[in-house]
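First, the structure itself, so that you have it in front of you.
Chain IDs A, B and C follow the sequence of writing; residue 1 opens each chain.
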Amino acid sequence: MTGEQARLPQSQKVSRRSMLVGAAAGVVAPVAVSTLGAGSAAAQGRGKGRPGRTGETHRVTVYAEELPGGLYGYGLEPGKATVPGPVFEIWEGDTLEIELVNNTDRRLSIHPHGVNYDVASDGSPLNDSFNEPGETRTYVWSTSFQSEGPGGFWIPGSAGYWHYHDHALGSDHGTEGIAKGLYGALVVRREGDVVPDRQFTVVFNDMTINNKMAPDVPILEANLGERVEFIAIGHGNNFHTFHLHAHRWADNRTGYLQGPDDPSKVVDNRDLNPGDSFGFQVIAGDGVGPGAWMFHCHVQSHSETGMSGIFLVRNADGSMPDGAQEAIDRYLGHQGGH
Amino acid sequence: MTGEQARLPQSQKVSRRSMLVGAAAGVVAPVAVSTLGAGSAAAQGRGKGRPGRTGETHRVTVYAEELPGGLYGYGLEPGKATVPGPVFEIWEGDTLEIELVNNTDRRLSIHPHGVNYDVASDGSPLNDSFNEPGETRTYVWSTSFQSEGPGGFWIPGSAGYWHYHDHALGSDHGTEGIAKGLYGALVVRREGDVVPDRQFTVVFNDMTINNKMAPDVPILEANLGERVEFIAIGHGNNFHTFHLHAHRWADNRTGYLQGPDDPSKVVDNRDLNPGDSFGFQVIAGDGVGPGAWMFHCHVQSHSETGMSGIFLVRNADGSMPDGAQEAIDRYLGHQGGH
Amino acid sequence: MTGEQARLPQSQKVSRRSMLVGAAAGVVAPVAVSTLGAGSAAAQGRGKGRPGRTGETHRVTVYAEELPGGLYGYGLEPGKATVPGPVFEIWEGDTLEIELVNNTDRRLSIHPHGVNYDVASDGSPLNDSFNEPGETRTYVWSTSFQSEGPGGFWIPGSAGYWHYHDHALGSDHGTEGIAKGLYGALVVRREGDVVPDRQFTVVFNDMTINNKMAPDVPILEANLGERVEFIAIGHGNNFHTFHLHAHRWADNRTGYLQGPDDPSKVVDNRDLNPGDSFGFQVIAGDGVGPGAWMFHCHVQSHSETGMSGIFLVRNADGSMPDGAQEAIDRYLGHQGGH
């Protein structure tokens, strides 16, 4: 299976560098998300908006770099930038301080969705918040717990499947920076949320998936029964719909139901337009078995021209399921006629 | 009223063939949905995710055929294919085995949303799952109950307003098959869900409604006070928004609220993009009276060029309400300038 | 600060004329929304769908007029039409009778979303419901409480962030009327809903915001800590996504959570397509501080070409925060390159 291993998914590599930071303030370790496991989440019970965790402050240095093929990326080490950038994971209540080192010759920034930041950390040229070429600048993102508001209503907290992106390269809206790869996922978990075994970032960016087109979209791999988290992000100038074969989720904050009476719509296809993001977890192959499952934009002209990839669910022991290699070969063999 | 009767809606005809299969395993009867009625649903109480029904397996033969005008359709009898195809209705927990007979000279398949299937029933050429011309092949769709998951969250079940479509005609994504009519509605009901009196499938497929344009979109008819179910499906290459005059629904799994504190957004206009689907029930004319009510894509250029139809709410006794015939005549008289 | 005051936002002016009608039947006073305040809402407790208020009937005269620049608008006094038109606010259970005076030489109408109306008040040429040039015609919009329905489900009420628009100018769909400014917000509040301090209507209409483009989009102003209500409406022929910097809300009926277990997705970016609308309230600058916060369409080519504005959060005492004037100057200085 050398062929598949050579095609290890980009976002899987990235997830190994992701930061589910449960450690002491200021300590940033590239913790594999699977080390916490789901058991611990279940054991914690559900966080009902009560701030169980005391907010901690984590610091990380991010390097913005030019990449081959005219791309740009964010990375956690010099020379290691990727598209998408690393997944940032924090707990509701935490603060993340990002020291952004601009190792390019272009003006750029980092702008988050969903979290709190003052104008100096806005990442927008409007607020004079960006890095000149070669400049290092710190952006501070904090988070809030949900809290009781007026009239018995509650004010939303920061927990969610969010994202971050450049807001300054090429224009005041970061249009060129985004087009060329300066984006990534930002996950803010609430106490009690479920931690996945594997995690994939899927960005529909103009007519690409993670700035790649079929058959070059990385294959996303998991073993039967693993808890897999998808973080889907939309960018660019086009409308899209994200479809995953044989798996479904609830269209709400977590992708799970809050209980048996949760009215949330269950979906396997969801709009994914610029600036939007959502996330969900599935048990790989649950009720459907292992195999090469398609994920693609369901806008027909978009899937036809390359917005299509494979979620490879291996057997529970990691071996290839019957027929999966043939499916992958069909996918790889297609160069336009898919 | 010969004129209107001659224009009996396509999807109304279809609904008479729809299969709300509550019978013994393997027995497939074209039961009119109204035979169960809402009373029975209410009497059952609400299914709170507990598997009250034991899953049954239903078998049906579906014929894919070429139709006049370059269209293709699915049907439950040879020579009876329609666009959209028949509504498939099952209960959560059931399994549906579809024996698809390909009576065309083109490769094609059937691919469902929302339900469970293994790779052999994927309907995708990627998984070698399709019918060659003249071939008969069985596709198996099963369903799951919602169930308690990790951390007190619940894993979604299969209940929902889903759909099915070709995934192989003309390309590996079924783009030509979908464009030419190979699609239909799939409803998976949960115990306690409400059964409608009438049911309409409305597919926004590229710039058409059910592959027709005004003034040829079939008129959807109901009597004042009847419980009418709309199943809306999006397909093709364009973005759309579905608007129904004078009726509204909750944007969640059922279109109803789960109770008085259900936070769901109430809408009368909803995005309907490719691969997406939703359903809801309204009491025809409730609070607004009978008449010729428009439904249309709210993208202005789309409604202008023909994505517009009529939901005709007759008087309770089935007679035509004042002014409705004149409204229909205006609709029929327009050939572009609507 | 003369410069900013000269740029007082259009919709803020409009909100002063909005009608949160809590007065006796038939009395229509241009009440500033802030006079009720949030305290009163909290004091009322949450309306759980029980009709606490008896429905009242309010009457208002609306004047449709031609405006400079080829625009059309609705207004509450002759010669005072605006784009967007006035915000109509009523309580669930109320009825609003609109006497529409057509002071233009074009056929036009007024068509609402979300509320009840019979065919005579549909506002559509299909139902012969429009004003000829110079004609005065009365449209009646009523509302319903949510109520228990079949099987323990509830039928949605009329409460929501809705909108109204022309449905007759230039075509049977009002395409020209909408394009030229005949639209506005319609808010139906439920007993217990929270009343804001300030209110802004933001309409993404084709490639404009309220028929203006940056840097001419009015600056929306509030003081730190004020409760600000955004009503976002989509119109035209394009898809859009509405993004507000540094503030977030729940994507449901109110924008608040119904309680700590509400599963609603929390967003700061949301699809805003033709015919759709949503609303939410934020505490200006909550957790992020004052400043010039961007709001814009997140479709990159749309923000680049002018779908971008400023939500100016002043200090609590109304003074300008540090750096905000410079940000506004940057915004005003940009004429295409933003």
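Rule of thumb we're sticking to: a contact is a pair of C-beta atoms (placed from the backbone, for glycine too) under 8 Å apart; a residue touches a chain by one contact, two chains touch by 3 or more.
In this text the structure is predicted, and so the values were computed from the model without any measurement.
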Practice problem: Sort the chain contact graph into one of these: line, ring, star, complete or other. | Solution: complete
Quiz item: At the place where copies subunit A and subunit C touch, is the share of residue numbers found on both sides over half (same) or under half (different)?
Solution: different
Self-check item: Fitting subunit A to subunit B on CA atoms, where both chains share a sequence, rotation angle to nearest 5 degrees
Solution: 120
Quiz prompt | Between subunit A and subunit C, centroid-to-centroid distance (C-alpha), Å | solution = 33
Quiz item: Taking each residue of subunit C in turn, which ones touch at least two of the other chains?
Solution: 239, 250, 254, 257-259, 262, 264, 271
Quiz item: subunit C touches which residues of subunit A in the complex?
Solution: 48-50, 113-114, 116-119, 122, 124-128, 142, 144, 146, 149-160, 171-173, 175, 178-179, 234-237, 239, 250-254, 257-259, 262, 264, 271, 273-278
Exercise. Please name which positions on subunit A make contact with subunit B in the complex.
Key: 38, 41-42, 44-46, 192-194, 227, 239, 241, 243, 245-246, 248-250, 254, 256-271, 283, 287-289, 291-294, 296, 298-301, 303-304, 308, 310, 321, 323-324, 326-327, 330-331, 334, 337-338
